[in-house]
Amino acid sequence: MRPSGRTPDQLRPILLQRQFTRHAEGSVLVGFGDTRVICTASVQESVPGFLRGKGRGWVTAEYGMLPRATNSRSDREAARGKQTGRTQEIQRLIGRALRAVVNTEALGERTVILDCDVIQADGGTRTAAITGAYVALHDAMRHLERRRMLTRFPLHGQVAAVSVGIYRGEPVLDLDYAEDAEAETDMNVVMNEAGGYIELQGTAEGHAFRPDELSAMLELARGGIMQLLEAQRETLASSP
Amino acid sequence: MRPSGRTPDQLRPILLQRQFTRHAEGSVLVGFGDTRVICTASVQESVPGFLRGKGRGWVTAEYGMLPRATNSRSDREAARGKQTGRTQEIQRLIGRALRAVVNTEALGERTVILDCDVIQADGGTRTAAITGAYVALHDAMRHLERRRMLTRFPLHGQVAAVSVGIYRGEPVLDLDYAEDAEAETDMNVVMNEAGGYIELQGTAEGHAFRPDELSAMLELARGGIMQLLEAQRETLASSP
Amino acid sequence: MRPSGRTPDQLRPILLQRQFTRHAEGSVLVGFGDTRVICTASVQESVPGFLRGKGRGWVTAEYGMLPRATNSRSDREAARGKQTGRTQEIQRLIGRALRAVVNTEALGERTVILDCDVIQADGGTRTAAITGAYVALHDAMRHLERRRMLTRFPLHGQVAAVSVGIYRGEPVLDLDYAEDAEAETDMNVVMNEAGGYIELQGTAEGHAFRPDELSAMLELARGGIMQLLEAQRETLASSP
Amino acid sequence: MRPSGRTPDQLRPILLQRQFTRHAEGSVLVGFGDTRVICTASVQESVPGFLRGKGRGWVTAEYGMLPRATNSRSDREAARGKQTGRTQEIQRLIGRALRAVVNTEALGERTVILDCDVIQADGGTRTAAITGAYVALHDAMRHLERRRMLTRFPLHGQVAAVSVGIYRGEPVLDLDYAEDAEAETDMNVVMNEAGGYIELQGTAEGHAFRPDELSAMLELARGGIMQLLEAQRETLASSP
Amino acid sequence: MRPSGRTPDQLRPILLQRQFTRHAEGSVLVGFGDTRVICTASVQESVPGFLRGKGRGWVTAEYGMLPRATNSRSDREAARGKQTGRTQEIQRLIGRALRAVVNTEALGERTVILDCDVIQADGGTRTAAITGAYVALHDAMRHLERRRMLTRFPLHGQVAAVSVGIYRGEPVLDLDYAEDAEAETDMNVVMNEAGGYIELQGTAEGHAFRPDELSAMLELARGGIMQLLEAQRETLASSP
Amino acid sequence: MRPSGRTPDQLRPILLQRQFTRHAEGSVLVGFGDTRVICTASVQESVPGFLRGKGRGWVTAEYGMLPRATNSRSDREAARGKQTGRTQEIQRLIGRALRAVVNTEALGERTVILDCDVIQADGGTRTAAITGAYVALHDAMRHLERRRMLTRFPLHGQVAAVSVGIYRGEPVLDLDYAEDAEAETDMNVVMNEAGGYIELQGTAEGHAFRPDELSAMLELARGGIMQLLEAQRETLASSP
């Protein structure tokens, strides 16, 4: 029995609220249950040094968490003067995940920065961030398209992410904090709309996981991601 | 004529949404028009070194802005590795303003940290932060009181803040970004419920301001702050 | 009765020693009683990035304190690896105060950096720094003028600063450390030669200050600043 | 055809040289082909704050690369003043991998720090580091055992790691730099002696990888890791 | 012929002004010609961790230079966020030089920090700093003695320093900036009152220096240091 | 009697292994007894800003020590976020020593960076680093010569370094850690093939050293360096 009463293959309620803030080219509040992340997409008419003059764009991500997004307050990274290893790991993951569906030549010499800021955390902040950032990135691309700044639409695929794990011996989908804190294995899966893996990150917390457990988790992840991709499409089909 | 169509002595719509996030002892979303700041109050059962063993508590504040809270994206302070002078100045101001209404002996050897994070900026972020942080601080104090952790209520006064300025030659209340960017003088006023000044910070941007201009701005500030204090009382009187 | 025996409206002895060190275009040792600050003005033939190519110059300030300028030694900021919030706040104030009297177009694409380093502290270091930096800045401008590097003189006004406060219930001018440590209110006033306010920063340390107390403090500040402006003029009228 | 002429399931020559340097409790030079990493295990009689007084030990890792370990020199992290996100990600991975086989209660209140420093890089530095660090950790545990500082041997399993990927459409084992730079997918697999997964990190570089590709890669990894585990056992069985 | 007209073995005018600032236990303005350094000695009733509980004290030094002490302004180290290698090298040298004449057991569990801040630089700042810091240290020790906080006087020797070099082929004493910038060899010599070497640091800038040149430089240094030691004694013999 | 049984004028066994790693233009493992340092020379086709466009090259050095190169583990500088003063002092010394034998015009607008990383420390790491870095630098120059990128060979001399000291009252050559920790005086001597001094750094640890002790140490150093220079020549004469 899961603490939330969910079935093993049940996602938490999904929230994808577009135009959450005013200034960004894309701005989405994403919720996976009580986890809430603001994802903004900012377009800049320049690229990092290593891409200058190559006719290609770049997509990158930054991740942060408000100090009291969690149950006990954590230090503000800006005050400590550096980002933790965890933060860097997550923002690198988000960036890679989104770049996997971007045609950087179609984007042109521009950078899109995805800022994912957790305002409330209850497990799964990185998978929520990827799922929400995709919608924000899509809105930013439409923004460029409406202004006739593109010759082709730069997204060639769709991407979403979810966590899976082994909780009290059973594979479960989309772990909340209560489950995550106790899980024996925790895996984040990033997948595109064709069911291809973009990123797989699994960690044994308690015992090493067996190949059959891996298969069960991957199956759960596939089911969850298909629902998340559908939720993204629905949101994007509506007027924001 | 103000860009927003407001009269010189008119505040923007005020939003004070309590229990905005789940984890903090106090959590308020404050809005001054389009400016939106999340203010959380976190209670910690310890005090900074210089107060240890003295039977007194501490109240402090930290301030941040999401990178795309503004019209053009600013660098993430955590990534740059340090807080700007502006950030430090603002968080020191918020801390002083709130400490002015706290009886630190009644609080006991605890620290309350007020995190003020701007998610959307349109001028007046520091005055909105002070006004919202007061409500979050009050909720945190009630939280301690309900748990019978206090012998006396530690707040001995109420505090709110507003900006005033000279815009196109005329004193105006509660400047939005369009006004602020062009104002000749910008002043932040922090006041308690008895009309006493807690903090006054005025800066001539264009020409030096005259004593009569100062008087007119202080009069506007007083009127605005009385409305903000009333809004705080109304919010706190309702169940959250 | 003030610890120093001064009357409430009495400044400490003022020292403005020009050409205190050899290398800078302007170099002034300023003293407000026992407070001693070395203010140098350094001219650089370049401007910060945001001003490049705009035909305008820039004036900025940096502030520091020798570790043993104070009664108990404070850590060296260079060794700690960052400037405190207080330092940043003060250097931003000094920069704004001086820019208020500079015609940046007349200055041309140059930067003047005002370094204000406290070698002995006894209260009022920021107001002494502003008052001394004006003289150093003036000397640097004369230096450029003598070299025929200017078409117009870039200073269109004069600026000085003083602190006022409420000490043991009475408004007093130019607080020394003994008064400052105990004052209920502390206010720094920056004014130009026409009596216009350039900056006002008042903080209630004990109780909130009333409008009549504010008026009394502003009156004292005005009187003190007029004497400081006169002292600056005298110094500048003599050969250094 | 692989650039090195290896078959798809062929590891590079493995080197595990114990007692490579004199001072550390465990010191191993590990080679996967031309990749060379010095892994030292240092025992400290203390634990991090969060474990103090709990009767348990800790194992952690740090990773570095000499500036000219690579084909073009990279900046020295100590000179830049911070570790890159990549470095932090790798050292967190190494630490988690090794902790998975440690009984921290049997270790007692001690910390073992595994320093993995790459002196020559040719792909697979993190998997070589994990594989070598296990041997260094084992030597450090034997060192403690010989000094009768343990009541039980703290390692309850064995761990090794290898990379797999899709190179020119074909799954291959243990990628060298020439392959890695061009691979469409790159996956690091950490496994114990029972064939359980300790960590799985797969990233699509070019196209998303399909479930059948995942299976093929996992199969290759299993075969490679079994050989690495055997090599570790052989080394440890000999006198160093 | 030296730019200053001095003979090869002639020191610049020496200034040793005690009680230069008010707060420090020892405070000396030292001048070697136009080089001016404020040296303060601060006593703290604690020692660094590695000495705690050992009944011995510590003497250490920090060095800084005001940004415009030099002909062209250098960046403020506190603003850059770190001390240069040059600064660290110099402050380590000053600390070693002074510790060489201190009986740390007689000092007791206290630290004396020597802050050497250059307000005007014209070559030889480190040797001036050592020479002046000795006087400040002596005053601080007398301060402790007057308060009956010592059982024995902790200085068992006297120390001073001077630079020597090869300028246009000729060995010269106490190089000023004009000479230093052009010198083929630059050597700093720290010596005690018995003519023993405490520190020797010689660097060939142009050609390597021969043994006979070394001898000539050491002879000049000895003569100069004897005069400096005499100047210290005279200063300390007078009432400050 | 020396702990190692050596005579006072006896060097430890010298190791100079060229082509120790693959990527660098020069790569040498240098050993002075148990001290082991990897010295690589990396050629970059650019120069620091202050040399740009002047037709001259630059040679610089960086120094590091693996955390467990020493008997007790020291913190990783990259993790601490800054290099110690000791590290900076040593790398500045190595850079100066090597530049003394380089004709920077013959080098052309290139930089050679010498990375000296200690993998095992037993005293004398800086002198071993200089001695090994010379060989690495020479190999890098030959590398450029073979590619016909030079018109003249840029090395006009040869350089090596050794430590000398007073151990238990007697001058000794090439101190190992056991001697160094106890030595009364420690001196590092850098010399060229003509017997000219390039750098001399002597520090009295216990008592100040007398002129006759200085002479004896310099004599020992000369003898040792002549052997080191010979060892360099032999190594360079053989095919690597």
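Letters A, B, C, D, E and F name the chains as they come in the text, with residue numbers starting at 1 for each one.
In this text, contacts are C-beta pairs under 8 Å (C-beta built on N, C-alpha and C of every residue); 3 or more make two chains touch, one makes a residue touch a chain.
Just so you know, these numbers come straight off a predicted model, no measurement behind them.
Participant: Following contacts chain by chain, what is the lowest number of steps it takes to reach chain E starting at chain C?
Facilitator: 1
Participant: Just to confirm, which listed pair, A-D, E-F or D-F, duplicates the contacts seen in C-E for more than half of them?
Facilitator: Repeated interface of C-E: D-F.
Participant: Distance-wise, how many Å sit between the C-alpha centres of chain C and chain F, to the nearest whole number?
Facilitator: The mean C-alpha positions of chain C and chain F differ by 50 Å.
Participant: In angstrom, rounded to a whole number, how far apart do the mean CA points of chain A and chain B lie?
Facilitator: Here the centre of chain B sits 33 Å away from the centre of chain A.
Participant: What's the distance between the Cα centroids of chain A and chain E, rounded to whole Å?
Facilitator: So the centroids are 59 Å from each other.
Participant: Please set out, as single numbers or ranges, the residues of chain D touching at least two other chains.
Facilitator: Chain D, residues with two or more chain partners: 81-82.
Participant: Should the ring be read from chain A with chain D in second place, what is the ordered list of chains?
Facilitator: A, D, F, E, C, B
Participant: Using the touch definition from the top, list the residues of chain C that touch chain E in their complex.
Facilitator: The touching residues are 21-24, 27, 34, 36, 38, 40, 42, 44, 62, 64, 66-71, 73, 76-79, 81-83, 87, 113, 115, 117, 119-121.
Participant: For the complex, which residues does chain F have touching chain E?
Facilitator: Per the stated touch rule, the residues are 82, 85-86, 88-89, 91-92, 96, 100, 157, 187, 191-192, 194-204, 207-211, 214, 218.
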